[in-house]
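There are two complexes below, and they share chain A, which is joined by chain B in the first and by chain C in the second.
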Partner chain A sequence: MRKEIPLAVTFVVGIVAVLAVYTGQSQAVRGMDQWFVTSTAFAVFLGAISQVSHHLRVVRNKRPNWQYSIVLLLALLTWTGVGIWDKAGGPRYTWLFSTFVVPLGATVGSLLAFYIGSAAYRAFRARNLDAAILLISGMIVMLGKAPIGEVISPFFSTATSWILDVPNTSVMRAINLGVFVGTMVQAVKILLGIERSHLGSSAK
Partner chain B sequence: MPLIVAGKTVQFLIVVALLLSALVMIPRIRSGRHVPEIRRLPAMDAIDEAVGRATEMGKPIVYSPGTPERIDDAQTFASLGILSHVAKQAAKYDCDLIVTCNGAWLHPLLDEVVRQAYISEGKQDSYRPDSVRFLAENLSAYASGVLGILNREGAAVNMMIGAWWAQSLILAEGGFHTGAIQIGATAHTHQIAFFVTACDYCLIGEEIYAAGAYIGREPVLVGTLLIQDYGKLVMAAVILLGVILAAFDKQQALIDLIRK
Partner chain C sequence: MGFFDWMQKIDRRWLYLLVFMSVAIPVVKPMGLPISIGKETEGFFAAIDALNPGDVMILTPEYGAAQVPEVGSMTTSAFRQAMNKGVRVLIFGVWPDGQGPTIAQGACEAISDELGKTYGVDWVNLGYKPGLDVTLKKMVDDVWEAAVGVDIKGNALESLPMMQDVRKAADCKLVANINIHGFGLEKTMAFIGIPTGMTVIGGNGAAGITEVIPYFRSGQLQGLLMGMRGAAEYEILVQKPGRAVVGMDAQSAAHVTIIIFVILANIGYLLEKRTKAAKAAGR
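Coming up: the complex of A and B.
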């Protein structure tokens, strides 16, 4: 029964959702969304318990870099306290958000600029024919998108449009079509209980 | 009032056709007919090699199942199947496994998959509850959390398999600089290029859905790949028909039919 009940629930909810979407009974889907929101609220507690217990263990066992775990636990406590006291959107909560979360998020996001540079350096090395084609088309697209490309020659702008609209778009669409069919079949597998790895077991 | 919402009739028929083809084909597959050969997926073959390497080095495997927004992302379910295999291998060889998680709702699922994998290998005593770590819902915080784990724990293997967004490059390139073997997989086309560039092995697009069948070689799961391939054949036929009709400027009838 440990497996059969979740499979039956999946089947019923899945069929109801599919029928609701195609017959215009969107209130049924909205109702299930409410269940999702409610169950997610409980899951937040589980997530917090997981995080707190892991970091308490790190501090207790004085594992390497345990000091960072204290910072995390203090931050977690502070955020929770301020969130309860001030409510999300209150002045203190907003101050914490704009002073810590926004700049820290921007710092991590800005890593992308450097990582794109280092990844492109490795990718754009003409080690074989494929890499050489990638290098040349990459250079054309970069020049076509930068103002200097137009100054050098109008060819770069025309070639860039062709590369992006013809080979690039057609390959992306081919991958997307495969993904679309794969997603549909995956949904059918889950609905029919063929795919049950999320329950900790394989197909039967 | 029409039974099916206008504009969704063809979509609905596709869903019904897939369900029916699954119901028709599964008994045939179970009886041993129509079990197709499955081509090599180097990224999946590399998993066992990567687990072996991590075991030899005495360093952990870090598995990240993507950053899906909701539970209805099919890639997440595909990722859970792969995680189950990785966890079984890790349990078998007593290798340390760290699973990172960005959605609190995903944590119980990941925890259950890993726990069941350890139980199935008879290694329930080796299972550590803090193997699955909820890091943060905020994507930047999650990315920096995974980078921290990769660096601090000195991961031997970095697996990023699931629904990835802009954080894919941060994790893949950050993992590359730690020297870990990297296996990436996503069906999000805009992130595939990052994984192809920064990872040692990569599952591209729909391959992520074939991975579960590839690992277990369960006849039913392998057989469902046939449905996938037939679906693609039908799509290719429709595209070809569209090209021919467009050549004679008669494509509008097909477009109207698809939009019904």
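Coming up: the complex of A and C.
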């Protein structure tokens, strides 16, 4: 029953949703949309409970790096408390957000410059013709997208536009079409119960 | 270690140091490199410029704190352009990390105060609303219901004068989605732009540009800000150069530094390969 019930629910809800859209039953679609929003909010709540219980176990059993779990639990409690007390747009919540989250996020984001620089230096090699084309076009776009490229030569800007407009656009369209067709096929497979990986390994 | 080998294996700490210097020095002492305006940025500016005073536009900042340096100024510049033009702005976000509207709130409050605008009359921030696609769909039918009747501060929407004119998404004339990846912009087009027929413009982090460029070329997107470069071009168009313009000098220096290292490594690699091939042939 652990797999039959979810499969039946998926099938019924999926078929009703498809029929409702194609027969113009907007009331039914709205009802299901409401369920979706509610279940999304519930999933956040469930996620928070799962995270708290996991990290409480880590602290209780003194697993490696258990100190970080205390930081996480304290942060979770603080944010939840301030969020409920002050609302998301309140001055205390905003202060907490702009004082902690924004600088921490920006720091993590800015580290990318070092990692990307290092990765490009170590991995970007013209080992064959394909890699050489990738390397040259990558360097042209890097220069074309920075003002220094135009200072060196207008060629970089023109070539960058061509690379983005012609090869990139055509390839991305092909990839997107493939992804959309694949998504539809996957949806039909899930609806019919052919694809079951979302139910967990025991359901296969 | 031979010279060619050294060229390929320079200690990464030297690279880190040079990248740090190439970013930090231009920020402290900008070089003022000229920045030309691309047609994508012109399209973004023109779309907001074509609105009439009193019109309402939707602005959806969908990014986290880590992406603020790259795309944050797109939101503030769009907000500034709209306020200067007398266009009213409705802000909200549906992306799961939910940070964008909160980040935008402080910056937009500062611009609003500077320009003598009033919250609730000239602009409203609904905050983060969970539900992603479904919430976007719901916005088309009923903005109030999608927002669960309250704004980011917990104010009832009935109490906000601007919201009396905004019951459904089609009451707005344009939607501008600022995102770090292409996914959010695609959803904005699919769930708001296409059903309402309203103008869609977007701003994306550089990493997501390749995904959304086809939509600009096809005309589905009227304007597109491409990465920090797009943000800098837009800052120039709204005549308020800021972080992104300064960042362009840093980006130029960092790109050149990385390119020099990549060229060095490749010269070393090719010369080493040739030396090995010559040795093998002489054997």
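Simple rule for what comes next: the second predicted complex is superposed on the first by the 174 of 204 C-alpha atoms of A that agree within 3 Å, B and C clash if a C-alpha of one lies under 4 Å from a C-alpha of the other, contacts with A are read in each partner's own complex, and residues count from 1 in each chain.
Throughout what follows, a residue touches a chain if its C-beta (ideal position, glycine included) is under 8 Å from a C-beta of that chain, and two chains touch if they have at least 3 such contacts.
Source: prediction; values computed, not measured.
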Which superposed partner A:90 touches (first chain B, second chain C, both, neither):
second
Based on the superposed arrangement, let me know which partner A:109 touches: chain B (first), chain C (second), both, or neither?
both
Name the contact category of A:172: first (chain B only), second (chain C only), both, or neither.
both
Chain B versus chain C as contact partner of A:187, first or second or both or neither:
first
Is A:31 contacted by the first partner chain B, the second partner chain C, both or neither?
neither
Partner chain(s) touched by A:157 [first = chain B, second = chain C, both, neither]
second
Report for A:81: first if it touches chain B alone, second if chain C alone, otherwise both or neither.
neither
Pick one for A:148: touches chain B only (first), chain C only (second), both, or neither.
second
Of the partners chain B and chain C, which touch A:101 in the superposed model: first, second, both, neither?
both
Contact residues common to both interfaces of chain A (with chain B and with chain C):
36, 40, 44, 101, 104-106, 108-109, 116, 118, 120, 122, 172, 176
So in the complex, the part of chain B that touches chain A is made up of which residues?
3-5, 8, 11-12, 14-15, 18-19, 22-23, 26, 70-71, 74-75, 77-78, 80-81, 84, 101, 103-105, 107-109, 111-113, 115-117, 119-120, 129-130, 132-135, 138, 140-141, 143-144, 148, 152, 166, 169-170, 172-174, 176-177, 187, 189, 192, 194, 197-198, 204-206, 208-210, 212, 216, 218, 220-221, 224, 227-228, 231-232, 235
Sort out for me which residues of chain A touch chain C in the complex.
30, 33, 36-37, 40-41, 44, 87-90, 93-94, 97-98, 101-106, 108-110, 113-114, 116-118, 120-122, 124-127, 135, 139, 142-143, 145-151, 157, 161, 164-165, 168-169, 172-173, 176
Chain C residues touching chain A in their complex are 10, 12, 15-16, 19-20, 23, 33-36, 38, 64-70, 99, 102-103, 105-106, 125, 127-128, 130-132, 134-135, 137-138, 141, 151-154, 206, 209-211, 213-214, 217, 226-227, 229, 248-249, 251-259, 261-262, 265-266, 269-270
The chain A residues in contact with chain B across the complex are 18, 21-24, 36, 39-40, 43-44, 46-48, 50-51, 53-54, 57, 64-65, 68, 101, 104-109, 111-112, 115-116, 118-120, 122-123, 172, 175-179, 181-192, 194-195, 197-204
